[in-house]
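These notes open a run of structures that come right after.
Below are two complexes that have chain A in common, paired first with chain B and then with chain C.
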Partner chain A sequence: MTALILGGATLTSLGDGAATFTALLAGDAGPVPLAHGDPGRLRVTRGHHVPDGDPNTPFRASGWLTRCVREALDASAVDPARTRVACVVGSGLRELAAVELLDPRAVPVQRLHFAHAVRRAAPEIGEVVTVSNACSAGGHALALAQDMVELGDADAVVVAATDAMTESMLAMIGRVADEPTDRVRPFDAGRTGVLLGEGAAAFVIVAEGSHRPDQRGAALARVLATGLSCDAHHETAPSAEGIGRAMRDAYHRAGRRPRETGLVLAHGTGTALNDPTECAALRDVLVADGGDPLITGVKGAVGHTSGVAALTSLDVALRCLRTGRVPPITGLRTPLPEGKDLRLLIGEPAPTPGGLVQLDAFGFGGVNAVTLLERP
Partner chain B sequence: MTAAAAVVGTAVHDPGLDARQVLGRKGLLYKEPATRLALCAVHQALALEPGERPDWPLRPRTAVVACSNLGNVQTVSEVTRAVRAGGVREVSPMAAPNASSNVIASTVALWFRLGGPNLMICSGATAGLDGLAMALRLLRAGRADQVVLVGAEPADEVATALYGPSLRAGAACVLLEAEGDVLVEAPTAGEPSPGGPSPSGSVAQEPAGDLYGAHGVAAVALAARAVVAGHTETVTVTCGSAEDGWRSALVRRRREAPR
Partner chain C sequence: MTGLVVTGWSSITAAGVGEAPPLEPLPAARVTDLFEEALPEESAPVLTGFDVRAHLGRKGTGSYDRATALATTACGEALKAGSVEVNDATRGRIGVVLGTTVGSFRSTSDYSRDTLVQEKPYLVNPLLFPNTVMNCAAGQAAIRHGLKGVNSTVAGGPLAFHQALRYAANALERGYADVMLVGCVEEYSPHRAWQTAAARRSGPTGEGTAVFVVERADAARRPGSTVQAEVLAVATAFGWGDAAADALAGCVLRVLREAGVTAGEVTAVATGDAQEYEPAARALGHRPERVTVSELYGQCDAATGGLSLGALLGRRLGGVALLTARTRDGGVGAALVRGPS
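Here is the complex of A and B:
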């Protein structure tokens, strides 16, 4: 069984989904000076902030989520008052920025997760679950949302994600980097590490063929399947074997072949841990099956948006399908050796290939989610 | 397909028990209290010997669903304090895994070699039964043959300050599969009956103290034990709060003969 995406809303450092896609096609977007915490102490000097006031204000992630959920419901014309709607929210960092105020009295404990923010957008929404699966949280939320509509547990599910920066995560990036990174260069031989991004996204999905009395527009895409795996391999280092299992799970669940994929929205963090491993898994699964997909990625332009990353990629994928254009990998100049035989898109936009679209999302602790989409 | 699964193993870990006695001495350095509690609960639910370290091949059909809200708030606070005081040199890279909220779920997978879907549920007072709902879906959707559902909360200084003095450290684990004699049905939304959550059977099934995000898992574990022991045929377990809402689930003996 498959699911349909009816409508969505996205917010990144570059603006809404349309503005983000335009900037990606132009290839000129980059990070700005870090405005959260103390860059000198963090040894992180740049980031991709959502430009909406002081980045040191708490509960920003909740505000973006409320806005995106409301817009996604409006865009899809699904009314939670008239149909059973649930919500799965993926987030890597939850509202831990509020914990970093170091004043527990200023933080109502129920504001660390997101039911409150979702119900501010739509009070009639039923089950709201916060899934904190690190940098693949959005991909996991998408998998669970599809399961819920396919199993009949909800008529529609808002699959959402939101993340704002935290000092503790910035400190970890600063702690492990040789020197502060000037920008994210996914799959580049001269990559120097990752920068954080911020944002939120929400999409409404329904089971294909289900009764949709409220549907207004056409579906944006068909979600065939999301494959899930856990490396169970290392605390922080990913494994090509574990990532490959998530890819194979996706193709198995979809009943499709890896060679059918024309476009990959890669996880591509610009780190020594991710990029060679992701290249190896793409070779092991897609190339080994006779595939030769075009590969792009968004983190050079919007940063690593943590738990939102998969849904940021999803929005770009939907726009690739709709406009027929694929943006290049911002920040990539010279491909890393492990990626030389892969079709990493550099420099200029390319026409959208036919076939399936694969979205990669991998997280700390080896939690992997790989989604397959196609035109509706 | 029924929206129920069988409880085939349970544990409610006594936080007074030293993790080294349960898990052995190796590999516990740098593990946070909530992670240690979760590992102990899973170890006991899997009926491993004290100190036995699993060395079986990776189990790709076993999923992990962990439920916790406050597991890493102490680390987040400590790292923040350290970096503000002295910069990143004051931050231990060994704390890096603990800075990510999903450290409990991923550490359980790594320790017990569980390669299936891995979820960290952080949805407040309903987290335990939210996790149960997701665990049942992983089974029904064919994503796993077994789910390790584990809840754990710490009661460190930061967690207690955020939640309140009623918070108790603890962990519980429920092993779920398709077939078995004791079933747990998919949780539903609903407030507890007047007078608080009460079992429909004759045995009270409330965990000792307030385990917050782990409460629902502990309640299912205790209810399943009561049914196994023959104290009762059905127990309704509830978790939640006025702010987060409520969820209830029915634990019962299978009525039809097992296939």
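Here is the complex of A and C:
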């Protein structure tokens, strides 16, 4: 069984989905001076902020979520008052940024769940489940959303994600880097680590076959399957074996072959460990099956959007399918040795290849989610 | 959802590690002796003397926060109780889903606080950062016990266990795993104690964890496994304010319908708080025995649902029991569980 994406909305440091895609195609978007905390003390000097004023305003993540859920419902012409709609929210840090304000009166604990934020967008939405699976939360949310519509638990599911950067996460990346990172260079030989992004995204998905012709527009993509795995290896270090299992699980579920994939939206964090590990898994699974996909990634332009990362990539993937153009990997100059034989897209946009699209998302705790899409 | 069977379980409360939650109030400990920080209460039903090293050894456990230590220990005990063999042939098919509120509130807050008060460069410990990510306990349990199947954390506060059961049912039905550990955890800390007090909730703050080995009711099970209970149906819904009671009653009717069980068969209702009982009894049309976790074990938030089920299984539940849950933002849930015949 498969599901269809009817509509969506995205927010990144570069703006909405259209603005983000335009900037990705231009290939020159980058971080701005850090507006959180004290950059000198954090040893993080740059970031990819959503430019919406004071970053110390509580509940920014909830606000973005509300906005994206509303826009996604409008874009898909699904009315929660007339049909059973559930919502699955992925998030790594949830409202930790609000907790960091250290004012218990300002942060009632129930507002740390996103039910409130979702219902501000659409009070008729029934179930709201928050999956808190670190940086693969959006991919896990997508897996659950597809299951729910295919099993008939809901007529439509809004799969969403949101994350705002936090001072504690900034302090952590500052402590693990040798020197402050100037920009994220995914898959680059000279990569120096990650910078944080933030934002939200929401997509409305329905089971294929339930898609009514009166729903506005054509579906944006068919979601074939999401493969899931846990490394059970290390809390923070990735494992090529674990990531490879998630990829194989995705192809097995979809009943497709890895060689059918034309485009990969990589996790590509620009860290010492992720990029060679992801290259190894792509080689073990896709290349070993005779595949030679084009590989791109977005974190050089929008930073690491934590639990939103999978859905940030999803929006870009949908635009690649629609416009026929794939943006290059912003920030990549010289590929890392482990990626020399892979088709990492450098410099200029390329035509969108045919075949399947693979989305990668990996998180702390060794939790991996790999999603396969195709043109509807 | 597909029905589930429970083939092993374990819990940790002030009653002890691996002891079933008792059907009586847990002993209260003087918490003011346990923490340097000021507390809003002198005593609470917390587990004193719990040392994760006694259960899992010293290696790898040094960075665990209390929630992670409790959940990881309970996962190991549940695997043992269910005689689950974890080897290279099975580990990829065994998953974990844990319910939480915010992970370890203490880890998150302390780490965030360090970023604000430590001298430059911020002397936060990157090794402790994973503790602030809300899926820390599930990830550490997988690492410790070598469980490579789907691994998820559902953040739903008092509703989290019901949501975790549904997540597990889905993962099993869709073939992501053959065996799921489903659990929930909440640790006692000054942070949570003050949060409970600030929210003006009655009773002390509690803590605990319960983890259940679940498999599909309709599939071949592991050789040698014993069914200790069946989870017949789980439903969750939402109702703002006064509508919450009707939403909960609606959930009860839904699980009865899905399970094909008559209201008369329900012999016990385990509620998170006492207010859940009236709507449940109204939907059932009679007043079965009530067990209320918050009255016995304090405010256990995300651990509530699992401790309810543990309390019912610990007394060798006969017949069918209803487990209800409610959050302060209008989320409600109901589950029907049948004891061994």
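Keep this in mind: the second predicted complex is superposed on the first by the 372 of 376 C-alpha atoms of A that agree within 3 Å, B and C clash if a C-alpha of one lies under 4 Å from a C-alpha of the other, contacts with A are read in each partner's own complex, and residues count from 1 in each chain.
One rule holds in what follows: contacts are C-beta pairs under 8 Å (C-beta built on N, C-alpha and C of every residue); 3 or more make two chains touch, one makes a residue touch a chain.
Source: prediction; values computed, not measured.
*Asks:* Answer with clash or fit: chain B and chain C placed together on chain A by superposition.
*Replies:* They clash.
*Asks:* Once the shared chain is lined up, is A:A221 touching chain B (first), chain C (second), both, or neither of them?
*Replies:* A:A221 sits against neither chain B nor chain C.
*Asks:* Should A:G242 be classified as contacting the first partner (chain B), the second (chain C), both, or neither?
*Replies:* The answer is both, since A:G242 touches chain B and chain C.
*Asks:* Per the contact definition in the header, classify A:A115: touching chain B only (first), chain C only (second), both, or neither.
*Replies:* In the superposed model, A:A115 contacts both chain B and chain C.
*Asks:* Touch check for A:S168: first (chain B), second (chain C), both, or neither?
*Replies:* So A:S168 meets both chain B and chain C here.
*Asks:* Classify the contacts of A:L144 with the two partner chains as first (chain B alone), second (chain C alone), both, or neither.
*Replies:* Both partners, chain B and chain C.
*Asks:* Need the overlap of the two footprints on chain A, from chain B and from chain C, as residue ranges.
*Replies:* Touching chain B and chain C on chain A: residues 37-38, 40-43, 92-94, 96, 99-100, 102, 104-105, 108-110, 112-113, 115-116, 126-134, 140, 144, 147-148, 151, 153, 166-169, 171-172, 174-176, 228-236, 242, 245, 253, 363-367.
*Asks:* Can you list the residues on chain C that touch chain A in the complex?
*Replies:* 1, 91-92, 95-96, 100-103, 108-109, 111-116, 120-122, 124-126, 129-130, 132-136, 138-140, 142-143, 145-157, 163, 167, 170, 173-176, 194-195, 198-199, 236-238, 240, 327-331
*Asks:* Could you list, by residue number, the parts of chain A that touch chain C in their complex?
*Replies:* It comes out as residues 37-38, 40-43, 91-94, 96, 99-100, 102, 104-105, 108-113, 115-116, 119, 123, 126-134, 140, 144, 147-148, 151, 153, 166-172, 174-176, 228-236, 242, 245, 249, 253, 363-367.
*Asks:* In their shared complex, at which residues does chain B touch chain A?
*Replies:* 3, 58, 60, 64, 69-70, 72-73, 75-77, 79-84, 86-88, 91, 93, 95-97, 99-103, 105-107, 109-110, 113-125, 130, 133-134, 137-138, 140-143, 158, 161-164, 186, 189, 241, 243-245
*Asks:* State the interface residues of chain A toward chain B in the complex, per the touch definition above.
*Replies:* 37-38, 40-43, 92-94, 96, 99-100, 102, 104-105, 107-110, 112-116, 126-134, 140, 143-144, 147-148, 150-151, 153, 166-169, 171-172, 174-176, 228-236, 242, 245, 253, 363-367
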